[in-house]
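What follows is chain A paired twice: with chain B in the first complex and chain C in the second.
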Partner chain A sequence: MREYDVVIIGGGPAGLAAAASAKKNGIDQILIIERDHELGGILNQCIHNGFGLHTFHEELTGPEYANRFIDEVKKLKITYKLNTMVVNITKSKVVTYMNSLEGMIEIQAKTIILAMGCRERSRGALNIPGYRPAGIFSAGTAQRFVNIEGYMPGREVVILGSGDIGLIMARRMTLEGAKVKVVAELMPYSGGLKRNIVQCLNDFNIPLKLSHTITKIHGKDRITGITLSKVDQKGSPMKGTEEYYSCDTLLLSVGLIPENELSDNMGIELDTVTSGPNVNESLETNIEGVFACGNVLHVHDLVDFVSEEASLAGKNAARFIKKLKVGKNNDLGKIIELKSENGIRYTVPGIIRLDQMDDTVVIRFRVAGVYKNCYISVYFDKERVIHKKKTVVAPGEMESILLDKAKLNDYPQLSQITIKLEEV
Partner chain B sequence: MEERKLTCIGCPLGCEIEVKLKEKQIISIIGNTCKRGELYVREEVTNPSRIVTSTVKVENGKIPMVSVKTQNTVPKGKIFECIKELKTISIKAPVKIGDIIIENSANTGISIIATKNVEVSE
Partner chain C sequence: MYDVIIIGAGVSGCACAREISRYQIKACVIEKDEDVCSGTSKANSGIVHAGYDAPLGSLMAELNVQGNEMMGALAKELDFPFQRNGSLVVCFHEEELPNLYDLYEKGLKNNVKELQILNKKELRLKEPNISENAVAALFAPSGGIVCPFELNIALAENAYTNGVEFKFNTKVRNIFKKNDRWAVETNRGMIETQYVVNAAGVYADLFHNKVSEKKIHITPRRGEYCLMDKTEGGTVKSTIFQLPNQYGKGVLVTPTVHGNLLVGPTAIDIDDKEGTDTTREGLERLLNQAGKSVNHLSGRKIITSFAGLRAHEEKHEFIIEEVKDAKGFIDVAGIESPGLSSSPAIGVRVADILKSEMNLKPNPDYIGHRKGILDPQKLSKDVRNELIKNNPSYGTIICRCEMITEGEIIDAIRRPLGARTLDGIKRRTRAGMGRCQAGFCMPKTMEILARELKESSLQITKNRNESIILTNRNKEQA
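For the complex of A and B:
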């Protein structure tokens, strides 16, 4: 069996940044495996601009952003396989992949970086009554049709869900000559970025109906229309609020979920909130030497943070291998747990091993609702140590705080860190 | 007097800002929390402009479409014209990021450039 130091599953922005970072940290035997015919992942279909403000201080389109990392991976002479699908990974890090040239192959990895990205929640999870006529797509699928294959799924469009992909597609379909009639959102707020609401909907006078959902799909073979209803505070449709919209296309933008089948099958513990792996400060899963980053770990809205997170995973994989070489085992040392409370949905990482930690660690998290004028507070056991004022936080925008090792060392008894939202 | 309501995109707060105009001159701006909101509204009211992104057909390429963008922002009112022009053309592979696809798109003085590399199909 061929051996590699680092095998990276997925050649999107996460996989590319992880590979470059592992290489720069002194590792040579690296392999990226990508099932698509090109590197770059989902960014290839995100032709709009707005990527890379944090990393490159300019606004790039998705393909341009991806290309910067693809160029780097090529320059660093990192090997990659395209049109190759990973079908299984074992606990002992045997990776099985498949492609038309080699067939089914097993390789042995010393470390694995999971970077498979996410998939869209499907309509099955939605529970809309009515037939299942043609003309219903996830927003990402429609994006792929229009931007990669160059064909329009329809002319008269309704979009359910106001996540960023749905908003971006409302503009895209409008520019391509379709009539986008309405974007309906179940929640009383949009899950998308403000900028996208203004530039994708308001610019084209596309109405956004908050606290609304589709209660009926009309049409047998092809969708002919939908019924939209207002929902009450519990999210149940209210009688008498029904409105009919004719359409030949319904796009669903109802959320993303980490691509977790491979992880689950190999025995990785998944977080119930993120659906991605539980990881420690090194972004390592419960299986030693298996790391995760990007959308497979938790769904990101900004690719810049994906790249940042992935570099850290790459660096830590490199460090893991160097330790294997000198025969030092990764003994655990002291473990501090991170807990999310009161308006914070989850944190990544979930635990910190103090001995393994760099000088600082970034804790990323999402909030459960829109809160204005609040504080993000961090407690070391019972003591509040960080109290950061925020004018607004929203579920659509990932938040983060930075913890210092020096500060953690000041609390020798520390066993739990709690992050919560507090009112003014 | 004209009144317009705009949502600032400067930060997640998304202030709803009301602008009053008289003969195209701004006479009052209310609702912004910080200075950035005022600057945003001034720009949006006097000269709203956007980067436009789209795709163009590729002949003989490994993929059928190449993504493109305007090199700089164009006036909002010109967006559809820029897009229309792109529909009428196709380009030959290979294409490199930054290649000019259309010069002076819709008479805006702004060029449209490729945002993706496309190799020739084998």
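For the complex of A and C:
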């Protein structure tokens, strides 16, 4: 069985950045396994701009951003396989992949970096009542048709959900000559980035209806329309608020789900909030030497942060291998738990092993609603140590705070860090 | 000029077609939709009922038990998935125990074998996730589950291989007697035939009433279902029914042959024979109701919901006979549940009617076996690698949720009565039937379909002709 130091599952932005980072940290035997026919992942169909502002301080399109990393991976001579599907991973890190040239092959990995990304929630998962006609697409599938295949999925469009892909597609379909009639959002706030609301809806006079959902799909063969209803505070449709919209296309942008079937099968513990693996400060899962980064870990809104997170995973995988070589393995040391409370939905990572951490660790998290003029507070046990003023926080925008090792060391008794939102 | 025209390529029609293909006969199945298994047969529980529930002494009971007994051998002959996972009818109230025993007695009289009453402890041992409120259950080991698509498709393919013709997108407009024959007027011209088999599902009354003075009425009874992720397939091993009581028939919870969990159906009588829309009330009711039988059901695990129409005849009985005042016109009407379970026996019954009237000689070229689409996941690693070496398309995964390869999809298109639409591919291979519901594989499957059928992607449909997926090229005016 062929052996590799690092096997990276997925050649999208997370996998590419993780690979480059592992290599730069001194590891040679790296393999990226990508199921598509090219590297770059979902960025290849994101032909709009707005990528890379944090990483490169310039505005790139998705493919341009991906290419920076693809070029680097090629320059670093990292091996990769395209059109190759990983079908199984065992706890002992045997990866089974399959493609049409080699068939089914097993390889032994010393470390694995999970970077499979996410998938879109489908109509079925929402249980929207009505017929099941053609013309209903998840926004990303529609994006692929328009941007990669060159086909339009329809002309008269309703979009359910205000996730970023839906917002981007509202603009894209409009630019291609379709009429986007309305974007409906179940929640009283948008799930997407503020800048996308402005640039993709407001600039094109596309109405956004908050606290609305689709209560019926009409049309037996191709969709002919939808019924939109206002929802109450619990999210239940209110009788008497029904409005009919004719359309030939319904796009769904109602959430992304980390694709963790492989992880789950190999025994990786998943978080119920993020649907991604539980990880420590090194982005390592409950299985030693298996790391996770990018949207498979938790869904991001900006690819820049995916790259940053993935670089860390790559570096930590490299460190893990070096430790294997000197035969000195993870002495767990002191473990500090991270707890999210009061308006904070989750944190990544979920625990910090003080001995293993770098000088700093980034804690990423999302808030549960829109809050104005609030504080993000960090408590070391009972003591508040960070109290950061925010004019507005929203679920669509991932937040982060930085913790210093030096500061953590000042609290020798510390066992739990709590992050919470506090009102002014 | 045909000997027999079968109206409807659902499971009843195709079972008849397959049975009569044993004989030298010129037969044709006509179907209004683009594929076999497009109506009631595609949207049901996929249960092979044991037969304890059918009314005593009814044809329904007789054919149910017969069909159940035939299913195992048929599944081997025609290579479709079938498992005898056993059925449990669960009683939740002590005071309803007599009803459970009545059902047991009825089952015995219907000739259902190996029936047993399980007490609470035995039941929980068998099904640890059953609700704490369960007090006892009727256990029928002969109850089973089948893939309704593959059963239907297998019957059709085998009938076709043995010489039965199939005409799709062919809608019957009228039927009338012309001399001593039947003239079947369709949107694609007139077809003449000696015999008509009316296996038109919810439309069977329409055709029956064109030829007979004694009218029948078929009510479409809508049943809604929720299908859950394969992660939930192990919640129960048997098919869990609720003992019917004054609040209704209850809903079932069952694993499917492919490892999902299915919950359903509701039962609402409607007028629209195409009214397969789901409703908010129905879907909500399903989960509530199913939660009474089985613990740990979560709405978050639903991957799709759908509705099917049962062809309910007023007397709740199968009508399988030559119509008295219309010689040569054979009804296969009122085939509601347990129609799927009975289908093998329905086929035999119809063939027997035809045999009694026609001088049928055995078909010397009859082949009773059919191979299904090769499932590489069932092969050993070495055999699979050999397969990929010989045919690299089996190394390319198209549907990542169900791990379906390009090779399987090509097989589905190229085989007899092959797939022509996305739904056709889905029902034959399961590509697009997984948790992402074709989000990832739809563009790829369309590309393969377009290539194989030598069509443009713009012509590819979901199912019927009007159900196009893509409307135009970018930058192209409407």
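Keep in mind that, in the parts below, the second predicted complex is superposed on the first by the 424 of 424 C-alpha atoms of A that agree within 3 Å, B and C clash if a C-alpha of one lies under 4 Å from a C-alpha of the other, contacts with A are read in each partner's own complex, and residues count from 1 in each chain.
Assume contacts are C-beta pairs under 8 Å (C-beta built on N, C-alpha and C of every residue); 3 or more make two chains touch, one makes a residue touch a chain.
Predicted model, so just to flag it, every value in this text is computed and none were measured.
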Practice task
Check chain A with both chain B and chain C modelled on it and let me know: fit or clash.
Solution key: fit
Exercise for the section: Name the contact category of A:E149: first (chain B only), second (chain C only), both, or neither. Expected result: both
Exercise for the section: Quick one: classify A:H387 as touching chain B (first), chain C (second), both or neither. Expected result: neither
Problem - Which of chain B and chain C A:K334 touches, first, second, both or neither - result: neither
Practice task
State whether A:T61 touches chain B only (first), chain C only (second), both chains, or neither.
Solution key: first
Practice task
Could you say whether A:N83 touches chain B, chain C, both of them, or neither, answering first, second, both or neither?
Solution key: second
Practice task
Look at A:R132 in the shared chain and tell me whether it touches chain B only, chain C only, both, or neither; answer first, second, both or neither.
Solution key: second
Exercise for the section: In the overlay, answer first, second, both or neither for which of chain B and chain C A:R2 touches. Expected result: neither
Completion exercise
Per residue count on chain A, the busier partner among chain B and chain C is C
Handout entry: Touched partner set for A:K220, first chain B, second chain C, both or neither
Key = second
Completion exercise
In the overlay, chain B and chain C get no closer at Cα level (Å) than 5
Problem - Doubly contacted chain A residues - partners chain C and chain B - result: 146, 148-150, 176
Completion exercise
In the complex, chain A touches chain B at residues 44, 47-49, 59-64, 67, 146-150, 175-176, 193-195, 197-199, 202-203, 372, 391-394, 397
Fill in the blank from the handout: In the complex, chain A touches chain C at residues 35, 83, 85, 87, 98-104, 119-120, 122-125, 127, 129-135, 137-138, 140-141, 144-146, 148-155, 176-177, 215-217, 220-222, 237, 248-249, 261, 264
Exercise for the section: Would you tell me which residues of chain B are touching chain A in their complex? Expected result: 6-9, 11-14, 33, 50-55, 57, 63-65, 67, 69, 76, 79-80, 83, 97, 115-117
Fill in the blank from the handout: The chain C residues in contact with chain A across the complex are 226-227, 231, 274, 276-280, 282-283, 299-300, 302-306, 381, 384-385, 388-389, 392-397, 400-401, 403, 435-440, 442-443, 457-458, 461-478
